[in-house]
Amino acid sequence: MADVITYREAVAEGIAREMRRDAAVVCLGEDIGAAGGVFKTTAGLIEEFGPERVWDTPISEQAIVGAAMGAAMTGMRPVAEIMFSDFLACCWDYLANEIPKVRYMTGGQVTVPLVVRTANGGGLGFGAQHSQATENWALTVPGLKIAAPATPADVVGMMAAAIRSDDPVVFFEHKGLLAAKGAPAPPDHVVELGRAAVVHEGADVTLVALAAMVPLALRAAALLAEEGVEAEVVDLRCLVPLDMRTVLASLARTSRLVTVEENPYQGGWGATVVSVVADEGFGLLDAPVRRVAGECVPLPFADALEERVIPTVDKVVAAVRDLTAY
Amino acid sequence: MDTADLSTDTAELLALYEQMVLIRRTEKAAHDLFLQGLVKGTTHLAAGHEAIAVGASAALRADDYVFATYRGHHHAMARGAGPEECLAELMSRATGLCGAKGGSMHLTKAATGMLGSYAIVGAHLPMAAGAAWSARLRGTGQIAVAFFGDGATNIGAFHEALNLAAVWKLPVLFVCENNLYMEYTPIADVTAVARPAADRASAYGIPGESVDGNDVVAVRETVARLAERARAGDGPALLEAATYRHFGHSRSDPAAYRPAEEVERWLKHDPLDIARGRLTERGVPAETVTAADERAQEAVRQAVDAAKNAPAPDPGDALTDVWADGGAAWRT
Amino acid sequence: MADVITYREAVAEGIAREMRRDAAVVCLGEDIGAAGGVFKTTAGLIEEFGPERVWDTPISEQAIVGAAMGAAMTGMRPVAEIMFSDFLACCWDYLANEIPKVRYMTGGQVTVPLVVRTANGGGLGFGAQHSQATENWALTVPGLKIAAPATPADVVGMMAAAIRSDDPVVFFEHKGLLAAKGAPAPPDHVVELGRAAVVHEGADVTLVALAAMVPLALRAAALLAEEGVEAEVVDLRCLVPLDMRTVLASLARTSRLVTVEENPYQGGWGATVVSVVADEGFGLLDAPVRRVAGECVPLPFADALEERVIPTVDKVVAAVRDLTAY
Amino acid sequence: MDTADLSTDTAELLALYEQMVLIRRTEKAAHDLFLQGLVKGTTHLAAGHEAIAVGASAALRADDYVFATYRGHHHAMARGAGPEECLAELMSRATGLCGAKGGSMHLTKAATGMLGSYAIVGAHLPMAAGAAWSARLRGTGQIAVAFFGDGATNIGAFHEALNLAAVWKLPVLFVCENNLYMEYTPIADVTAVARPAADRASAYGIPGESVDGNDVVAVRETVARLAERARAGDGPALLEAATYRHFGHSRSDPAAYRPAEEVERWLKHDPLDIARGRLTERGVPAETVTAADERAQEAVRQAVDAAKNAPAPDPGDALTDVWADGGAAWRT
């Protein structure tokens, strides 16, 4: 086993492990076969599993996700790729109205064990239509599980849990992390969906982050430590199930909360976290809650502009400084 | 004459006829119950469309998959749902097909391969392709059939589903129930070709056929032929079945936008009449047909009573069945 | 002028007033012409303005909204109808990726003055795919204005503002209010977007509501008054621009906040309101913040079930009682 | 020979040639700048597709509308954008066409009717229909043209736009640049018909034509004819222009998935060569052509320099231009 693997390799590895384990797992998406995916996150799959398990599709997001749904109802465990998470909008009916509702509206008759994987997030200068962090879109719809790993090992472990889940899972792979390296996942690694992780301990403030915001929060924590501020960093890992228990437990230690979100402030997931805290954790709070989130604008192309509108280490540090001064 | 004396073919036709009458009576009951305020929300009745559901179902294997629309009572029943569980669903009873979570627009009987009724136009077409893909992957020889309206042929999901099904040579049939209208607008006003479904088949390189959707025998034969082709691995087909709805689009719509002459002409071309004519041609006595009518009528009467007497769902059930574990927890 | 008009009539009236004023205003949508719309909210328009200004479309939500966008870029002020707000999912790419972004990503070269009108909300037993309150979907996307009137006069006044706005507006008409009656709008009535209204004054708690939740909150306020609890009811009217100034001002008087939202708790708009309050209004709060929102499930068909999952007067009263006991 | 001595036709062809060379040189510069790290994000170069943009533009009125894709540099330039403002946009300069907010995928020059480059496949097709609808409503005689790839023919928006345009008889042309591939997958592997665009025209009852997309004269003539038809009120048309991209799909993709023989064949069928051939046929001396080449080369050299020297955008600009009032405030 390699010493480290990339997040990108972990995606393919995570899928491959499940395909080896379960013949019902099949993949479909644009350019995922011979091309190995435009992000190379399906590299090697067609070579190992052949074209009967790895299917190239037309540019037809509705057909991709709709077909995955039909297959999931009838005994398969499809893993559908939507190339960029922005394009979830092109098949939103399936994510919003069909997949999360069919079990409920049939009184439990139909189950859809599928995974929709997608490359999420910005910071790479891809502009307004290829850079969004859209995990908050999925959060508006009850009935979807939402996974967004931050490390290669979590990618593998959460992919296993997602594919084995009998519920539909939207799996956000962060474009900004694809080249990031980390420890490989041990054999049979499964990370249960809905378990947040305290990835850095600290007594002064809780930073709640997701995906690419986790390493960013960790860098902020390191800087803050130099100033004597001990930040605890919680990697949520999933938005649904949302592990509020871990967040509230951390808050009980720190009494201060900052969410670090890439999605825009308006309608962002941090708002839901904060609203639970403002209700159930009100008595724990010693200071206002702050959200470091994307600005409420489309994402601009130029680095200098993009940097201005997405969270940065500096913005997180500044928000924490502000709060600890409260 | 006892039905045992009929030839197999004729006995089967009589059975199909009785099924159609059962559906018609159930639809009529649904309409009356809606007007009485016993059915909430909405209904989209398929009275007039019975031959498509019954004829197609007769041509399918028991393990084939069917996907229908909000106008789907006939498909649920043709795939084995009884009038009581259907009406109970419409009447918000715990004994309804979907435990009163679905309602008229979402009748589903997964146990018999009727995988749902979908209320967003066209959304189920890719799903049917996916079920066919699954059958192909599992090598079961099953096929999938998606029924949809003429109006659905103009939505993007139609195009994507047809192309995917053709490229992947999936065992799926797309059956359009062309009743000439979307809700209130004539389909011809908003569609670029004369036959909204069949005239699009060439864009996917697949067969596009038309059939009299009010003739249960013609539907059965055509679907059987296309199903065999699909099962043999020759890919999907598009079938356009001409029909007409007897009620309005939904609820109590009087369908005043339809010319009287058109309505009259179509009511004369009724699927039950056509089947009855065929039975008569084959020498089935009038009493035999009437007996079938009466059985259907009685079955629906009993179903209405039973549904009326069935219990309402427990409000707590509103918080079950989101997840496969039966629950609805989205957070810890 | 009639003494009262219905909310339904107000929609058609609001559109008609603008069509009279400005020849650039044109309508398109399914069954909006001779049929007058499935909710009769476009009744009379084709009779008054003819088929060159009121266009029936195929069932093609992408074409409807996409064409509206193209027309808006080129000198028209289209008013597109999406029959049920659930179907916004069928053209979500336009609402999420195209319309709100094109001005920004072209550096301000292109402007899209259009309105997408849609029937929103539940309580009528239409089931999972025809009952959703989807205003929170729109809130996830910067660049859309979001209007959701609660009274006939506001319908007219906000429609005028929406159609005259040079920005794209998603206009939510609540199905549960269509038959509701109210005072007609005076001539030339315009309600500026982004102005919340305090529709009932009270010193003990602030209820922030939208659309059909406004009359519900008012009924709750009436019941609470009998118990001696004075609830202030704020009708937000718009989610974007979001009038936090009015909310915070009310909170300064009451020190207690309950949001009343029809959309699901997870990802609901109330979370964004609460997160602003938990930051900027933290010092004003004397008690936890509570959100009365839809349960995180698809919407069930049967009345008894639907009632269980959407906000009711009782749930609002219970939430307020709880808080005032804090 | 001075260009003033050429016949009008030949002078125009020479001008089109020079425009194509200018685009080719700009694309080459963009590629080099990307490899040097001076262009961030991504590029989708249209080298090889020049004749479609230049030929079509030459057939349009100055006030017609054009909608393009992320592979849209050639369309922006054919509609009058200069190499400097294009390259400045790619290089994140304040002087870029979109103030560096758009980037390579979103080149737009609204002032000349080039209403944008859209990076979600197929999304702009309904917009073009809408612009044509607007022209019809305003009675201006303008038309709209949407350019898109072969891969876009399989997405739902394509179907919806084409049907709407046909039903409403809109003055819009849909021009497919069929370069045989979506990103890395051959279009034939995922499309049910041989000609992904032209073979779909019959599903909308509109003309579907093919043209050699590398022959600027053929493109201009065909577009002129279809444009005239559209302007006369005879409705939309679908044109499929065969072409090939010289670079990979995007960024530094080496396009290794394309057979060498295929690449070679297409590189020999280069739009610049074809135009040069036609100029020679018409007796234009080699020096005249070379002079055009050199002018283009020099213009691009200067554009690169100017773009390199242009200022970066002010970070504060990130918070402008969301709303028509110029701002970005979403709350009070």
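Residue numbering begins at 1 within each chain, and the chains themselves are lettered A, B, C and D in the order written.
Note that contacts are C-beta pairs under 8 Å (C-beta built on N, C-alpha and C of every residue); 3 or more make two chains touch, one makes a residue touch a chain.
The model shown is predicted, which means the values in this text are computed figures rather than measured ones.
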Pair joined by more contacting C-beta pairs (B-C or C-D): C-D
Per Cα centroids, the chain farthest from chain B: D
Centre distance in Å when chain A and chain C are each reduced to the mean of their C-alpha atoms: 30
Between chain C and chain B, distance of the C-alpha-averaged centres to the nearest whole Å: 36
Length of the line joining the C-alpha centres of chain C and chain D, rounded to whole Å: 40
Between chain B and chain D, centroid-to-centroid distance (C-alpha), Å: 46
Touching two or more other chains - residue numbers and ranges from chain A: 57-58, 60-62, 86-87, 89-90, 93, 97, 100, 104-105, 127-129, 142-143, 240, 242, 266, 295-298, 300-301
Shared-contact residues (touching 2 or more other chains) in chain D: 98, 100-102, 106, 118, 120, 154-157, 160, 163, 167, 189-191, 322, 328, 330-331
Footprint of chain B on chain A - complex, ascending: 26, 52, 55, 57-58, 60-63, 65-76, 78, 93-94, 97-98, 100, 102-111, 113, 142-143, 165-167, 194, 240-246, 276
Chain D residues touching chain B - in the complex, by the definition given at the top: 154-160, 162-163, 166-167, 189-193, 199-200, 202-206
Parts of chain D lying in touch with chain A, wherever the complex brings them together: 40-42, 89, 92, 98, 100-103, 105-106, 118-122, 151-152, 154-156, 182-185, 189-191, 257, 312-313, 315-319, 322, 328, 330-331
Chain C-touching residues of chain D, taken from the complex the two chains share: 65, 67, 96-102, 106, 108-111, 115-116, 118, 120, 123-135, 137-138, 144, 156-157, 160-161, 163-164, 167-168, 320-326, 328-332
Touching residues on chain A, where the partner in the complex is chain C: 86-87, 89-90, 92-93, 95-97, 100-101, 104-105, 127-129, 134, 136-137, 139-143, 240, 242, 263-272, 274-275, 277-280, 282-283, 285, 287-291, 295-298, 300-301
